[in-house]
Amino acid sequence: MRREIPLIITAVVGIAFVIQYFIPHSPFDRFEQLFSDWFFIIAACAIWLGALNLLKLSIIKVQRQKKDWQYSVIVIVSWLTMAIAGFAGGRGFQTPGTAFDWLYVNIYTPLSATMFAILAFFVASASYRAFRARNVQATLLLVAGFLVMMGRVLFDDIFFAPLGWDFQPLSEISSFIMNYPNLAGQRAIMIGIALGTVSTALRIMLGIERSYLGGGD
Amino acid sequence: MIRIAVTTLLIIAVTCALASAQEDTIQVVTDTLSDSALAVIQPEVPSPAGKVLVNDTPNDNGGSVQINWTASADDTDGRIERYEIERKEVNASDDTYKVIGDATAGQTRITDNYAENGVEYVYRVVAVSLAQAGDGEMLEVKSYSESSAIVKASAQWFNTNRTVVLIFALVIGSLIVNYISQARKGKDLFIRKIAGLEAVDEAVGRATEMGKKIYYVPGTQDMENIQTIAGVTILGRVARLAAQYETDLDVPVSRSLVMVTAREIVKEAYMNVGRPDAFHEDTVHYLTDDQFGYAAAIDGMVVREKPATIFYMGAFYAESLILAETGNSIGAIQIAGTAMPAQLPFFVAACDYTLIGEELFAASAYLSKEPKLLGSLKGQDISKGLILAVIAIGVIIQTLGVYDFASLFRIAAD
Amino acid sequence: MGFWDKMLAIDRRWIFLFVGLSLLIPMSLGIETKLSISPETAGLFDVYENLPPGSKVLMSFDYDPPSAPELQPMADAAVKYAFMHDLKLIIMGLWPQGPLQAEISIQRALDSPELKDKEVEYGVDYVNLGFQAGNEFVIQRMGSDFREAFAMDIRGNRYEDIPILKNVKNFSNIDFAFNFSAGYPGTVEWVQVAVDRYDVVLGAGNTAVQAPLAYPYLGAGQLVGLLGGMRGGAEFEVATGFSAKATVFMLSQTFAHAIVILFIIVGNVAYAITGRGKSKLEADR
C-alpha cells in the first residue's frame, strides 16, 4: 500500500487536471488555481525543512571544524541576520527605510547582480573555447554568431550611420537570423520537448514511471 | 411685479415640460446648479450609441455577458466623454436600470462579469458627453440607446476553443499507450545511441578511479516541474552506480520538496544495491531557493572540492553557464540535460555531453532499458512523425494560398 | 609550446581581464554615442507619449536583481517620465523582488534634478501594491477586480483607502500597462491573459534572452512595443530624453562584443594552425 496510494493519488489528480483543461463549468474551473494555491502553501511551509537543514549542516560543520568551516560561519551569520531583520520589520518589512530593505538594496542586490554579471566573462571564455570552425555546420554557427553579436550593439551606428545610411545592415541581418533560422530551430526543439513532457506525464500518471517515488520499479 | 412672476412661472413650466418630455432620452445633471445656470441650459444632446448586441460569454463558467455596441456618431469628433453600461432584469421597470460598468470613448465592447446564471437581463448603453452651462459649470449630458435583446448567462461543459488540443491529446496519448502495450507483449524496440547517456557509466567510473566526488545538480525548479521529475529519476540511476562503485555522491538542491524527494530516491538506490550503510542523509542537502545564491554556493563547492564528474539534469535558467563554466575550469566531466531551449547553447558550449530537450525525458527509459518505458519513446517518435507530416502538408497548402490551414490549429483566447 | 599552442590553451583569466577592460575603459571615457531608435521601441514610446496627464498606468515589475542591469534602466526611464508628465502609476509585481526594484526606480526618479521641485505624493500620484503569488492567476483575478488580487498595498494600506485607486476596479479602468519581465511569469502571461481577455494596451521590456519569445506577440499587434535588453533600455532612455546608464553602457557592451569576436578569431586561427584538442575522456585514456 505504501507505493499504491501515491500511485493512485497521482493517477486521479493527473486525470482530473487533464479533464479540467477542457471543462469550464464549475467546479473544474477552480481546479488549476486551487491546486496551484495548495502547492504554493505547501512549498512555502516546506521551505523551513530546507532552511533548517542548511542551518543544521552549517552549525555541525563549524562545531566539528570540518574542511572550509569558515564559509559555514558566513552562512549562519547571513541566515540569522536576514531572518531577524525580516521578522523585526513586521508586516511592512519591505518598506523603504527598514533594516530588511537596507540589506536588500545594499547587500543582496549587488551580490545577485554581480553573479549575473559573471556571465559576461563566462560567455567570453565559453565562446572562445566552443566556437571552432571544425566543419561546415560549426563554421555556419560561427558566422551566424558573429553577425548576431554585431547586430545587437552599436556597430551599425558607429560604422554605417556616419555614411548617411538609414538602413542598418547588421541589425537587419541579426533580426533575420533570430526571427527565422533561430526561431525555427527553437520551435523544433520545443515540439520535441512538448512530446517528451506528454510522454513522461503519461508514464507517471499510468504508474509506469515510479522512480520519483524512490528506488525500484 | 405680476409680469415678473408670470414670466418666472412660464420659464419654470417650460423647463419642466421640456425635462419631462425628454426624460427618456436625455438627463441633465442639475442638482448643484444655480437658477441662472438652469435658465440658460440648452445642452447639445450627443447621438446615442448604436445597436447593442449581447451574448452569453462562451466557454466559461457562467456569470459573464459580452456587450458590444456601435459607437455614437459623436464619438469620432471627441464629443463623447465615456459610455456607461446599464443592466436590468427583463421584467423589471426601466427605473431599475443600474450602471454595471463604463468604457472610455472609442471603446465598443465590455464584459459584465457579475451577471447571475439563469437570470434574464437586458442592457443599454448610455453615451455621456459634457456640456458647459452659462456660468461655466460642466454638466453631463446623457443619451440612451435602445435596450438590447434578452440575454442569460450560463456555464458551458466543454471549451470549444480547445477542441484541436483535445484531438491532438487523444491521438498522441493513444499512440503512446498503444506502443507501451505492444512493448509489454514483448515486441523488440530499437532506440538510437544517446552519447550523453552512454557516457554516464564512464563518467561515474572516472570519479571512482580518481577518488573524487560526483556532483548531481537536479535543476533550480520545484517538483511541479516535469524536468525536475526527470532529473530526480536519472538521479536514482546515478545513485545506484555510485553506491555500487562506492563513490561519493553530493546532491545540492534548490528546493525543499526536491530535497525530500531526492533523499528518498538516493536512499532507495543505496538499499537496492545492498549498501544502506553507505547512505548519509546529508548527501542530499538544501542550499537556497535564490537562483544566483544557489549558483554561487555550488561554484564555491566545486572550486574547493574539485569533483571529477558533474551532472546537471533538470530545469535551469541563467545560472546554467555559471555552473557549467566553473565545472569546466576545474577539469570535471560534465553531462547536462535540460528542456530549456534558451539554456541549451550554454550547456553545449561548456559541457562534454548535453541531452537536448526530449533526450532528458528519454534518459530514464534509455538507462533502464525497460520495455514499457521504451514503448512510450516509440509512441512519442511516431507522434513527432505525425506532427512533421501535418507541418509539411500545412506549409505546402499555406504557401500555395489554397486554404488558411493554420486557422484549423488556432486556439482562440478564452 | 609555440605561440599558437599557448593561445589555444590560454588561461581564461586573460580573457576575463580583456573583457573587463573593454567594459571599464569606455565607461570612464564618457564618450557620447548616437543611438538610433528601433521601430519596436518607437512603437511603445509613441503610445506612452500620447497618454494624457492623469492617465492610469499599471506597471508590473516581474524581475529580480540579477536582471536589473538590463531592465532597471528602462524602468527608471519609464517611472521618471510618468512622474514628469503626471501619469498615475499603479505598481505591482508577480516576482517577489519586483516591487522592491520598483521602489528603487521611484527613489531614483524622485532624487533626480528634474523632479526636485515637483510634488509627487504616495497614494495620489503612485501606489505600490506589492507582490502577489499565483503567477498568471493573479492577472486573471485582476481582470474581475484588482481588490481580489491586492487587498492592501505594500505599506499595509487598504485598497479602498488609497486615493489613486478610487475609480480603479479592473483593467477597464487602466489606460496603459507596462511590463518589465525577466522570465516566468512575465510578458507572455500578460499577453495571454490581460491582452487577449481584457483588451489591455500593453508595452513590454524584456531581457535580451527573453525578448525573442515576445516577438511573435509584437508582430501580432498584441504588444504595442518591445524593449529588448540593454539596447532596448538605451533606446527608451533616448526616446524619453533621460539618457542614463543604459546609453552609457551600450558603448562598453559594443567594445566587449568586439573583444569576444577578436578572441574567437584568434582561437580559430590557433586551432587551424595547431589541430584539434582532445576531450577529457580521450585525454584520460
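As written, the chains take the letters A, B and C, and residue 1 is the first residue of each chain.
What we mean here is this: contacts are C-beta pairs under 8 Å (C-beta built on N, C-alpha and C of every residue); 3 or more make two chains touch, one makes a residue touch a chain.
Predicted model only: the values in this text are computed from it and were never measured.
Among the pairs B-C and A-B, the greater number of C-beta contacts is found at A-B.
Greatest centre-to-centre distance from chain B is found for C, with centres as Cα means. Mean C-alpha positions place chain A and chain B at a centre distance of 16 Å. Mean C-alpha position of chain B lies 20 Å from that of chain C. Counting partners per residue, chain A has 112, 115-116, 123, 125, 127, 129, 186 as the residues that reach two or more other chains. In chain B, 292, 318, 414 are the positions where the chain touches two or more neighbouring chains simultaneously. Each of the following residues of chain C touches two or more other chains: 12, 64, 66. Against chain C, in their complex, chain A makes its touches with residues 32-33, 36-37, 40, 91-92, 94-96, 101, 104-105, 108-110, 112-113, 115-117, 120-121, 123-125, 127-129, 131-134, 142, 145-146, 149-150, 152-158, 161, 168, 171, 178-179, 182-183, 186.
Interface residues of chain A, counted against chain B in their complex, comprise 18, 21-26, 29, 39, 42-43, 46-51, 53-54, 57, 67-68, 71, 111-112, 115-116, 118-119, 122-123, 125-127, 129-130, 186, 189-193, 195-204, 206, 208-209, 211-217. By the touch rule above, chain C contacts chain B in their complex via residues 12, 64, 66, 143-144, 172, 175, 183, 192, 196-197, 199, 209-210, 279-281, 284. Listing the residues of chain C that touch chain A in their complex gives 10, 12, 15-16, 19-20, 23, 33-36, 38, 64-69, 97, 99-100, 103-104, 107, 130, 133-135, 137, 140, 154-156, 208, 212, 215, 229, 231, 250-251, 253-254, 256-257, 259-261, 263-264, 267-268, 271-272, 276. Touching chain A in their complex are the following residues of chain B: 59-62, 155-159, 162, 165-166, 169, 172-173, 176-177, 180, 222, 224, 226, 229-230, 232-233, 236-237, 253, 255-257, 259-261, 264-265, 267-269, 271-272, 282, 285-290, 292-293, 295-296, 300, 304, 318-319, 321-322, 324-325, 328, 339, 341, 344, 346, 348-350, 356-358, 360-362, 364, 368, 370, 372-373, 376-377, 379-380, 383-384, 387, 414.
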